[in-house]
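In structure tokens below, several structures.
After this come two complexes, each holding subunit A, first together with subunit B and then together with subunit C.
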Partner chain A sequence: MSRLYMARNPRVAARSLDGEMMIMSSRDSTLFTLNRTATILWQAADGTTPLDEIVEHRIVPEFEVGPAEALQDAETLARELASHEILQISEQPILPRNPVAGESWAKGSTTGESR
Partner chain B sequence: MPELATDVERLTLVIEIGGMPVRVHTTDPRFLAMLQDRYAGFVTSSEHAEITFDVDLTPPQGADPDAPVRVTHHKGRWTLERGDFRAEWEPASRTGWIRQTANPYSIDAVLRIVHTLVLARQGGFLLHSASAIRNGKAFLFAGVSEAGKTTISRLAPPDATLLTDEISYVRKQDSGYIAFGTPFTGELAKLGENVSAPVAALYLLAKGKENRIDPIPPGEAARSLLANLLFFAEDEDLVQAIFHSAFEFVSRVPVSRLTFVPDARVWELIG
Partner chain C sequence: MSVLLQEMSEKALKLNIPLSVQLDLTYRCNERCVHCYLDHDDHGEMTTAEIKHLLDEMADAGVFILTLSGGEIFLRKDFFDLLEHARRLMFCVKLKTNAVLIREREAARLRDLGVESVQISIYSHRPEVHDAITLIPGSLKRSVDAIRFLKSQGLKVIIANVLMTQNRHDYPGVRALAAELGVECTLDPTITPMMDGNRSVLDLAVDQGTLRQVFRDAALVGDVDEFCAIPAEPGESELNSTPCSAGHTACYVSPYGEVFPCVQFPLPTGNVRQQRFVDIWRHSDRMNEVRSIRLKDLTTCTSCTHVGSCTRCPGLAFMEGNMRGPSTQDCEKSFARTGVPSANMLAKKAAGSQGHANLGQNNLVQIRTLPSLSSATA
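Coming up: the complex of A and B.
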């Protein structure tokens, strides 16, 4: 079974305020407010910790949910965040961006709560 | 030998909004007079200008002021476009040009955009809100169309100085914020006074059955502020800057919901 890795998009602006994580796309100024689970994923998305470990250590204990169900929900959520270009996801660890190689984010459609 | 060309007189006007003088050159005396009237109270005799624009007037030809605004940055030069104007501005040289028909609305849009770009780099912004000074303090009243910006402005008592009924000018200064009067008008069609004061509060307007002020959570304050900011540029650095500016503002300025019935007693709660 393949593992999923996540990294934060450095091109979004993010702020946590009174427990709420808000993120704005720099590309089109769309504003997102993350729910608790999405906030956990965002904070843990270091590119090298696999999603199943994040779920096991951060989500299952907090939400009292079974590991299999939690992983499935988390993966769905991670893919949704990736579709909004908030996170990058990959089946390989995501190393820091190499400015020489010019690694860039794949463009996808962006919808959601907008300002 | 007959002269092949004649000198065209260049006419000049300096419009100072938010403490930032912008010089406008035109060759059309009627357009100059139109601007002097439009920006009365904001025209200065200052020799200094932060930006100088040459205005190139074109014949009327079906320009569409309702077309979307496009503001892009490329190689140190901003390009501002709408159906009724095209402008370029180079911050390094502090110069630019505007091509438009002889109307006051196109240059007004250009000035608004340019001020948002300058303010974004300095932690300030233009906000969809009415604002007024009372007892030496500035109060902002934000809301979408029909929220009550014009109404609260119209109800202002004699001891309140109206800064704008539509678009507030907010500049970051030291650990706080200063609100300036603007000539950017809404339904009241009355220019704000060209004065400034420290911002004491931001109220999010709501119409209701009583006058009351309620605290709102910081997250809602930030979202509401972001929703009411004027910003047009397709520029990642400036989008990030304006996002963080909004959070800075709500961390330093009290933000509350002001519910009001449309009568003057609401001002008893303000100032």
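Coming up: the complex of A and C.
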């Protein structure tokens, strides 16, 4: 079974407002707020940690849910976030790079394969 | 404003978080617009390091929407360095510029950095009118070329059209130009007094006839009957509401580090060169005074027919001498919309006042740099 990697889309804007993550899409300026699970995925999306590890270490302990069910839900959520270009997902690790100079950009964020 | 952004604003208001900040990077400019409220000298702009530190502080304070403006932002040699820093901090960055210095390369870089929108001042679709306002020959062509470059990169562009006597006939032409370019267009008839207190630029404001015409243009206001309707008497909840976002969820920082409730509200509340941004935001007595004002606290306006629907700007009122008083320009807008004079207009008429005639003598607070900091450079 292949693993899924996630990275934050560096073109979105994001801020936590009292624990609630606001995300502004750069594609069409749509504003999203993330629920607790989506916020965990967003914060953990460093491009190199596979989704199953994030689920095992960050989601299962917090939500009292079985690992298989949690992984399935998390993958669905990650793909939904990717469809809004909030996250990029890939079956390979996503290496950070600066969209302008090709240098290191920001920890945990990359340009996306989906763009 | 989207419903969700409205919800976030209400949450920020309850939590006392400055959701939105306009930061002017410089007052220097490569145009000399006849209506501009700024001087164009550098009195000691914040350095690159100072601005980056401020951006760090603002991100920590919860600022989400960051508008970078000026002056002309592209005159800062470190502009892209600052923009990259802002985007690393994941601000939603909006730019205000005349775009004269934006070519293909700059447009591509703005796209790569995930800028949310670029607002560009266009005064007319006719070069002879636009360039006569900017006082720079060829400026309309440069700005329109830049809009095309930005659009070709997929960026959101908004044309900002300030309405004044010189271009009062041209707003339909600007709207048509915006449609041709595939960009949004806003129209604003507000002229701001100069930062040194000089109110002579207010002579450029359009007259009642033009305002009435604009407010009855369905392409601009939508349902004209609804827009121009005489407002209902405000309820208690409206009277307990706040006048605008200035000082509540938004503020302004000058190139010299001074913090104000709004770019159009020159009440100094502190300087980020001397205090942390968040401390000024939370603890400035002046900011808290602005924050304390409700519609029911306004002096003349509380008894005015328009109090519940007026666009009254507390900053313009402040520049007339009283932050709890009326803003004459907004009285004139309410009158143009509805045909009903404001309480302020009636009071002035009763007192034999002549509109703007004595406003220039009112006490004005100026935006000015601190003398001890004037040696700092960008």
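Simple rule for what comes next: the second predicted complex is superposed on the first by the 97 of 115 C-alpha atoms of A that agree within 3 Å, B and C clash if a C-alpha of one lies under 4 Å from a C-alpha of the other, contacts with A are read in each partner's own complex, and residues count from 1 in each chain.
Basically, a residue touches a chain if its C-beta (ideal position, glycine included) is under 8 Å from a C-beta of that chain, and two chains touch if they have at least 3 such contacts.
Keep in mind the model is a prediction, meaning the values are calculated, not measured.
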item: Of subunit B and subunit C, the chain that contacts the larger number of subunit A residues; value: C
item: Subunit B versus subunit C as contact partner of A:10, first or second or both or neither; value: second
item: First, second, both or neither for A:61, with subunit B first and subunit C second; value: neither
item: Residues of subunit A contacting subunit B in one complex and subunit C in the other; value: 11, 13, 15, 17-18, 20, 22, 24, 26, 29, 31, 33
item: Complex contacts: residues of subunit B adjacent to subunit A; value: 217-219, 222-223, 226-227, 229, 231, 236-237, 239-240, 243-244, 247, 250
item: Subunit C contact footprint on subunit A (complex, rising order); value: 10-18, 20, 22, 24, 26, 29-33, 99-100, 105-106
item: Complex contact set, residues of subunit A against subunit B; value: 11, 13, 15, 17-20, 22, 24-27, 29, 31, 33, 115
item: Touch list for subunit C against partner subunit A, complex; value: 2, 4-5, 8, 11-12, 15, 17, 19, 59, 62-64, 80, 84, 87-88, 90-93, 109, 112-117, 156
